[in-house]
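Can you keep this structure in mind? I'll have questions shortly.
Every chain is named by a letter (A, B, C, D, E, F, G and H) in the order it is written, and numbering of its residues begins at 1.
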Amino acid sequence: MDRERIKRLLEDVKAGKVDVTEAIRLLKSLPYEDLGFAKIDTHRELRTGYPEVIFCKGKTLEQIVKIIERLSPANKFIMATKADKKVYEAIRKVRTDAVYHEMAKTVLIGQRQGKTAEKTILVVSAGTADQPIAEEAVVTAEALGNTVERLYDVGVAGVHRLFDNKERLFGANVIVVVAGMEGALASVVAGLVDKPVIAVPTSVGYGASFDGLAALLSMLNCCAPGVVVVNIDNGFGAGYFASVLNQMGEAK
Amino acid sequence: MDRERIKRLLEDVKAGKVDVTEAIRLLKSLPYEDLGFAKIDTHRELRTGYPEVIFCKGKTLEQIVKIIERLSPANKFIMATKADKKVYEAIRKVRTDAVYHEMAKTVLIGQRQGKTAEKTILVVSAGTADQPIAEEAVVTAEALGNTVERLYDVGVAGVHRLFDNKERLFGANVIVVVAGMEGALASVVAGLVDKPVIAVPTSVGYGASFDGLAALLSMLNCCAPGVVVVNIDNGFGAGYFASVLNQMGEAK
Amino acid sequence: MDRERIKRLLEDVKAGKVDVTEAIRLLKSLPYEDLGFAKIDTHRELRTGYPEVIFCKGKTLEQIVKIIERLSPANKFIMATKADKKVYEAIRKVRTDAVYHEMAKTVLIGQRQGKTAEKTILVVSAGTADQPIAEEAVVTAEALGNTVERLYDVGVAGVHRLFDNKERLFGANVIVVVAGMEGALASVVAGLVDKPVIAVPTSVGYGASFDGLAALLSMLNCCAPGVVVVNIDNGFGAGYFASVLNQMGEAK
Amino acid sequence: MDRERIKRLLEDVKAGKVDVTEAIRLLKSLPYEDLGFAKIDTHRELRTGYPEVIFCKGKTLEQIVKIIERLSPANKFIMATKADKKVYEAIRKVRTDAVYHEMAKTVLIGQRQGKTAEKTILVVSAGTADQPIAEEAVVTAEALGNTVERLYDVGVAGVHRLFDNKERLFGANVIVVVAGMEGALASVVAGLVDKPVIAVPTSVGYGASFDGLAALLSMLNCCAPGVVVVNIDNGFGAGYFASVLNQMGEAK
Amino acid sequence: MDRERIKRLLEDVKAGKVDVTEAIRLLKSLPYEDLGFAKIDTHRELRTGYPEVIFCKGKTLEQIVKIIERLSPANKFIMATKADKKVYEAIRKVRTDAVYHEMAKTVLIGQRQGKTAEKTILVVSAGTADQPIAEEAVVTAEALGNTVERLYDVGVAGVHRLFDNKERLFGANVIVVVAGMEGALASVVAGLVDKPVIAVPTSVGYGASFDGLAALLSMLNCCAPGVVVVNIDNGFGAGYFASVLNQMGEAK
Amino acid sequence: MDRERIKRLLEDVKAGKVDVTEAIRLLKSLPYEDLGFAKIDTHRELRTGYPEVIFCKGKTLEQIVKIIERLSPANKFIMATKADKKVYEAIRKVRTDAVYHEMAKTVLIGQRQGKTAEKTILVVSAGTADQPIAEEAVVTAEALGNTVERLYDVGVAGVHRLFDNKERLFGANVIVVVAGMEGALASVVAGLVDKPVIAVPTSVGYGASFDGLAALLSMLNCCAPGVVVVNIDNGFGAGYFASVLNQMGEAK
Amino acid sequence: MDRERIKRLLEDVKAGKVDVTEAIRLLKSLPYEDLGFAKIDTHRELRTGYPEVIFCKGKTLEQIVKIIERLSPANKFIMATKADKKVYEAIRKVRTDAVYHEMAKTVLIGQRQGKTAEKTILVVSAGTADQPIAEEAVVTAEALGNTVERLYDVGVAGVHRLFDNKERLFGANVIVVVAGMEGALASVVAGLVDKPVIAVPTSVGYGASFDGLAALLSMLNCCAPGVVVVNIDNGFGAGYFASVLNQMGEAK
Amino acid sequence: MDRERIKRLLEDVKAGKVDVTEAIRLLKSLPYEDLGFAKIDTHRELRTGYPEVIFCKGKTLEQIVKIIERLSPANKFIMATKADKKVYEAIRKVRTDAVYHEMAKTVLIGQRQGKTAEKTILVVSAGTADQPIAEEAVVTAEALGNTVERLYDVGVAGVHRLFDNKERLFGANVIVVVAGMEGALASVVAGLVDKPVIAVPTSVGYGASFDGLAALLSMLNCCAPGVVVVNIDNGFGAGYFASVLNQMGEAK
């Protein structure tokens, strides 16, 4: 596309329709992405259906609505994360097709397009209180075109439930582990299966969990290889990276 | 295999060669890996040439040598990380084919087998002082069967060198970013290209870098999606995970 | 039990009622606990009356109620910790026999069974504000079948009250020390008596107590041997471990 | 002035109108500023129009109003920072000419006097949620007599928008960079342009941003020279320092 | 004994051999232990063979030797912890019967007396580098009269080795878990077996292990009950507490 | 007193009125304070008018009222700290003579007795927001029988006001410095005058003040000798220690 | 210049000398700096004499020498910071004109060119131990073409020496304050004079200075406006920024 | 004195010997101390024998020696703290009367003058490894003219030794408590006796003592009133403040 614009411009120069000074000015005013770093656009060309994403925390309702209105014409699929119910209700006033995933605190607006990857992402979570972040990862990965399975409530205190589901662990292509408190579940999973593990520490816990610091440090120090870590409570980031991994070998 | 052992046992029970009490005892004493979690072996079957890895820090020379002697008969390829020169010299006494990558502080023993992935892993590093960790990632990823390229010394103070190499950024399949100090390079790279980025904070810096804490926190909070983080100075972990990613879609 | 299931299966194999392939499939699908790690069940066999425990923090009322409904048929005794009044009221709607220990923020549902250990657990607390956590330890230890005594308000500023009660200190079998602020009470008690001390730092305090960090570090560094530490505000964990200790030598 | 007072006193001594003992007493009781450190007054003489500033956080409404009433007679221009709406409403009751910059949480009372510096301060912010702090910097710098431009929403995830505005980056005399999360924007800007950069970490983010610590450490460790840092969320301090810089070479 | 001294004194008072004023003075000067807190002596009466313990870190060789000389006449068994080789050599000059456990950095002087508890303490350690602390626990527990077994190198990366040894886990009376890095092993063990677990975080690791902080926080936040924690690298404390537990129900 | 009780007992033993076994029992059951540590009582004898103090934070209204009712009969003067308005109102229901110092969040109940020290304690505070803690120190020191002066709002940004009041600095016997943010005021005061300074860091500030940590560390590292520090926001502790100092040389 | 290259290219397209496809390729391959961010070069054009700077910490001697050899042909003036004596000796072997500022740990190679700014930068330091960092700032600012004065050893404990030098404080155009321990000197200076202050925390101190953290936090929280902060021990950064400020209004 | 100088000047003005302009100049150039803050001199007048103090850490041998040579003519008594043996040896070359207190790492040069306070300062220390800091406090307090007693090795693990010495605790006028690890000794002492306690946390310990942080936080949170804290390992500061307290009521 950009290539096309530049090509047309050069042809116009060649044809004498545009003089050199004007051509320089036009080249300079080409948006940045014309010069080779056209990340977002290229991206959209390659994998249609990828949503624009709005991180809602710290934004006012007015700002969020305004951003969605601005994005709506050009984007068939928009995603709003860390969105509480009020955010959803404000969005619904301008986009009646918005769907709210309450536990995941995620709003999906419009319709994802394109096919879904066949391989499975498994989202494993330790405790009931970790589910909102796990759901954020699930909803994100699904929105990005993946088949996602859940394996919840398999924390260390009930680790036999994890072992009972070993088939699902081995069957997954990518595993996301969501755990607060001591975050040991990531180490256990990585010690059992030979799959890439994306570890999400959560702020679940109390006392010396220090709002997720304990789980974060634990996961960073995981002595089994094949584990990488995202920010505390960053279910979206884990779902996004899991999607990148899962679609790595796929023809696009 | 395990299935075979269990099958034989059941047939013996059926045939009356083994009585039920004895069969229960035998079932209980089956080694763990017989029950489905035989990670390491399976692994080795799938992708021949994968090395056994020894993390040398905190181990005595005697312990390291003993582990290598124990692993040598069964393993064609062994890798020792965080190995200083004394470690290498001790290893060479028992394995004359050991090769030392001094900057990477890594010893490779024996010969990797199997083919090399075609797609490229690009290891980007910020400053000269980050190179030992970057090299650890490079040597690891190469040892695991990947084509690896280096893009060094492209830290924020010389960020134009990064932009000059945008072709290489776009050409890579997976990117490892190694940076100390403020660790911003991971964010810059992730903001420019749509490739999975594995960020490695290093302990390079002084003062409020707090031995890599500044870079670690910076990378964890990266606001561009598609970035995951490993432990401070964990070049091995980054190289390993990059290899998993890079070989994700490949037929094995 | 599990043993019984496996035995019956093998006998069926022997008798030709089940063929070998089917037997392998059945063995593989046996739940994890059949293979030797049946912690919870074994446990219940050994010491009847042990409750199932639900940690309420971070769970919604709906989730808590659902868990209790699921556990109710099989469990005579259920315990819910970190439960505020709303949790209790939600529980009471489905289990009218629920009893609320308000200060301990603990709900007991159903009736503990089995005998009570004769030896005494002494729960010592420093200040009035530490009592909720101390009560959580007391209620927990009682629920697990122990005789528990309280020795409250014997903090360092009123340490003579501790000395006045030396008979009770010496008479106890296990001592739980609950203290916030500087947490020195654990050291004082451990310096006076030769009994195992379980130290519980609390988040009581202000300023440089940093929500219990001061007490936690103080207790971890206790220079008197015989002291172990649990998480900040973890009265349940202390009560539980005290119970394990107290019943250690008892015939079960 | 002070010199005058001392001179008159000495002349009175010389003339015998004041005796020596009395002169010593008077000299001793001269207010501090008479002795050379008359910062605020001198200041006001040099650059008329400089406001008095009240930091509202932690002050009661009554205290704030009282301070404004006390300052009003002598000060033509007063500024109140970190002022929420209630503060503004309380101020307006005594000063109907108060103007509220809601996003900046800043109240301006009275009229700035004096000319405006010609050179431009550019305030760059990373994300929408950083705008309140960015606005605080903008309002402050404007109130101190500067031409200020905004360049918002150019965080790393949308870094191409930064590059699209390179003319504005190069055109500015002083740049303020406001960023939360990983704070990398300060490094990127400082790596691109050769202008003094005042970095303001914000508490925007979650998880391991630790209320702005990640951004703060990142900015302090910026490996590009020409970057200095102010306190987390200190938009006022950045605007103030930017003003000092911007007016450095100007005739006053 | 003390009781005897007081009794004799009172009988002397009764007999008129000691007058009341003198008796008061004598009562006041009775050593502390006479007044009821005679911890160490009582202790020694109850379980002969308990050693005196010297913590060597931070003490000069001269101080250590002097303490041992002072203790030697009255104590049949002395133990020196955190003792490097130089300490041992200095001790051997005054006590030729000193035995050095090099890996445990522990010196045993003299001969433990009394019988050994029958039940077993199992010391589990994660990695080779954790062994010095594990050995400190082992040597301590043995010195205090316990049967101790080792289960080493069963960290999460090789967790199948842990499962292979489940019989030993179930057979132990008390379990000590020694682990650095992410410290997840304590959680895994506590999730598998219903035995009291004493968790010892070690300073083994690098980067974000922050000298054992990661393992410490992880262990404190263990979501499986039945886990208590001692200071980082405190193998002695764990061995000591394990001994107290192990001998809890034993007749003494 | 205690001496009297012991004397009488010994005389009874001598007279044969009490036999030796009974005497031993009585000696053992003497309350702790009989043995020499009767701190509180002695204290009250020495300096009549000293109040009993209740720290209200973390206590329920019911607990506070109950403690006051228990203390009331024996104590002419009671003090409640960190008491918000609700606490005061609850107290007033049982003690109508309670007086509330609202800014100091302190309730005084009853009438202090005894004379007032002549020398002056000067309480210096940095900013308006520090006044609640400064007032707590003032009210405490006055309640303990001292003449207290205030020197408020002399923070570093208005340090000339401090210099204007040098007479008062030099005239004081003991100085309490209350400051949040960077806490530099303590250093400045200690650098100017040769009086003991008790530094109170406050949680006033934002961002990298980290709830008082910045001020606390600053004060602990004060390079001028003659400065000691109390906990963040501990106005009571500072007032109490200032009182002890101020009355040090006084005849009591 | 770049404009010229693009213009020539377009004219060649127009003239048919270069076809469109080739022209697109050439446009894409233009080096980064052609597009407007040629920071370093522009910079050098504007203010001749600016040195290239090498940060030596973490680099090997070989790497440092190699960098200098590479820079030498094109750069008349090179500066090496955090350079210990060995670094200097290695440099001198390849550049005999290298001059070592030992206390500043800085090597200057070659000759600065261009005029020196007339206005003065004053570098103020608290204690003798802070001098190495202060000297680094001095040497840096001088190397960048400024007149620099020193005011050393005026820490809070000897703050009268600061007041004695008020003329120099008022005479400076920019002030750099270098202080460890509590870092209060920055606040004191900023409270006294109306000049921009660049605060450099140093790692000088012990105990709760936590390697400069106390000074860093103190300086960040400075309640006097006009203070900005650089990294702990970053004398170079402070000298650099001071130079930018000092030359702000100067014709270049 | 200063008063005299000013008086003479004014009289000269009156007499016409000095004209007014010159008088103003002279007044302005009067050294700082003339204006009322003559701390050090006044000090020296009041309590002869007070030493000048040099903090040696971070200073080179040359700097220390130079400072002593500069101070020697005017000061009869000089004290050097945190001085290792090399410092002492360097000092002895220029001052042969220097006396080294090796454990206290303190050098005393010259002879203290003036009388010694009668009341006693008691320095209590927890463990053998805390003695160097305790000795620093002792030597400091003695050098400042106080009678000092030692009560060492009375840490919590041997707290009965503290109780055995209650007479000495009650007999002291001021108590300094020096303790590392958990620092509980300060709380215990403050809970037992009604004397002002100056708490010195030490960096003695390991693991979660975090170089004295645990002891520091513990002491700051001491719930017994009458405790103030100095920096970690600051024996000098404690000895100095204890001296100020001890001499508070004394005629000077």
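Please note the rule applied: a residue touches a chain if its C-beta (ideal position, glycine included) is under 8 Å from a C-beta of that chain, and two chains touch if they have at least 3 such contacts.
Note that the coordinates shown come from a computational prediction; the quantities given were computed from them, not determined experimentally.
Path length between chain C and chain F in the touching-chain graph (shortest route): 1. Chains that touch both chain F and chain G: D, H. The greatest centre-to-centre distance from chain D, using averaged C-alpha positions, is reached by E. A centroid comparison over C-alpha atoms places B as the chain most distant from chain F.
Judged by shared residue numbers over all numbers used at their interface, chain D and chain H contact each other through mostly the same positions, with over half in common. Remark: chain A and chain H have CA centroids separated by 60 Å (rounded to whole angstrom). Look at where the CA atoms of chain B average out and do the same for chain H: the two points lie 55 Å apart. A straight line joining the Cα centres of chain D and chain F is 39 Å long. Annotation for chain H: residues touching 2 or more other chains are 36-37, 39, 55, 127, 191-192, 207-209, 213, 216, 220-221, 223, 225, 231-232. By the definition of touch given earlier, these chain pairs are in contact: A-B, A-C, A-D, A-E, A-G, B-C, B-D, B-E, B-G, C-E, C-F, C-H, D-F, D-G, D-H, E-F, E-H, F-G, F-H, G-H. Those residues of chain G that touch chain B in the complex are listed here as 31-33, 37-40, 55, 57-59, 63, 67, 82, 201, 203, 211-213, 216, 231-234.
Chain B meets chain A in the complex at residues 36-37, 39, 42-43, 53, 55, 166, 170, 173, 192-194, 196, 198, 216, 220-221, 223, 225-232, 236-237, 240-241, 244-245, 248-250. Interface of chain B with chain G (complex): residues 127-129, 160, 163-164, 180, 204, 206-209.
Chain G contributes residues 126-127, 155-159, 181-184, 187-188, 190-192, 205, 207-210, 213-215, 217-225 to its touches with chain F in the complex.
For chain E in complex with chain F, the residues that touch the partner chain are 3, 6-7, 10-11, 13-14, 16, 20, 23-24, 27-28, 35-36.
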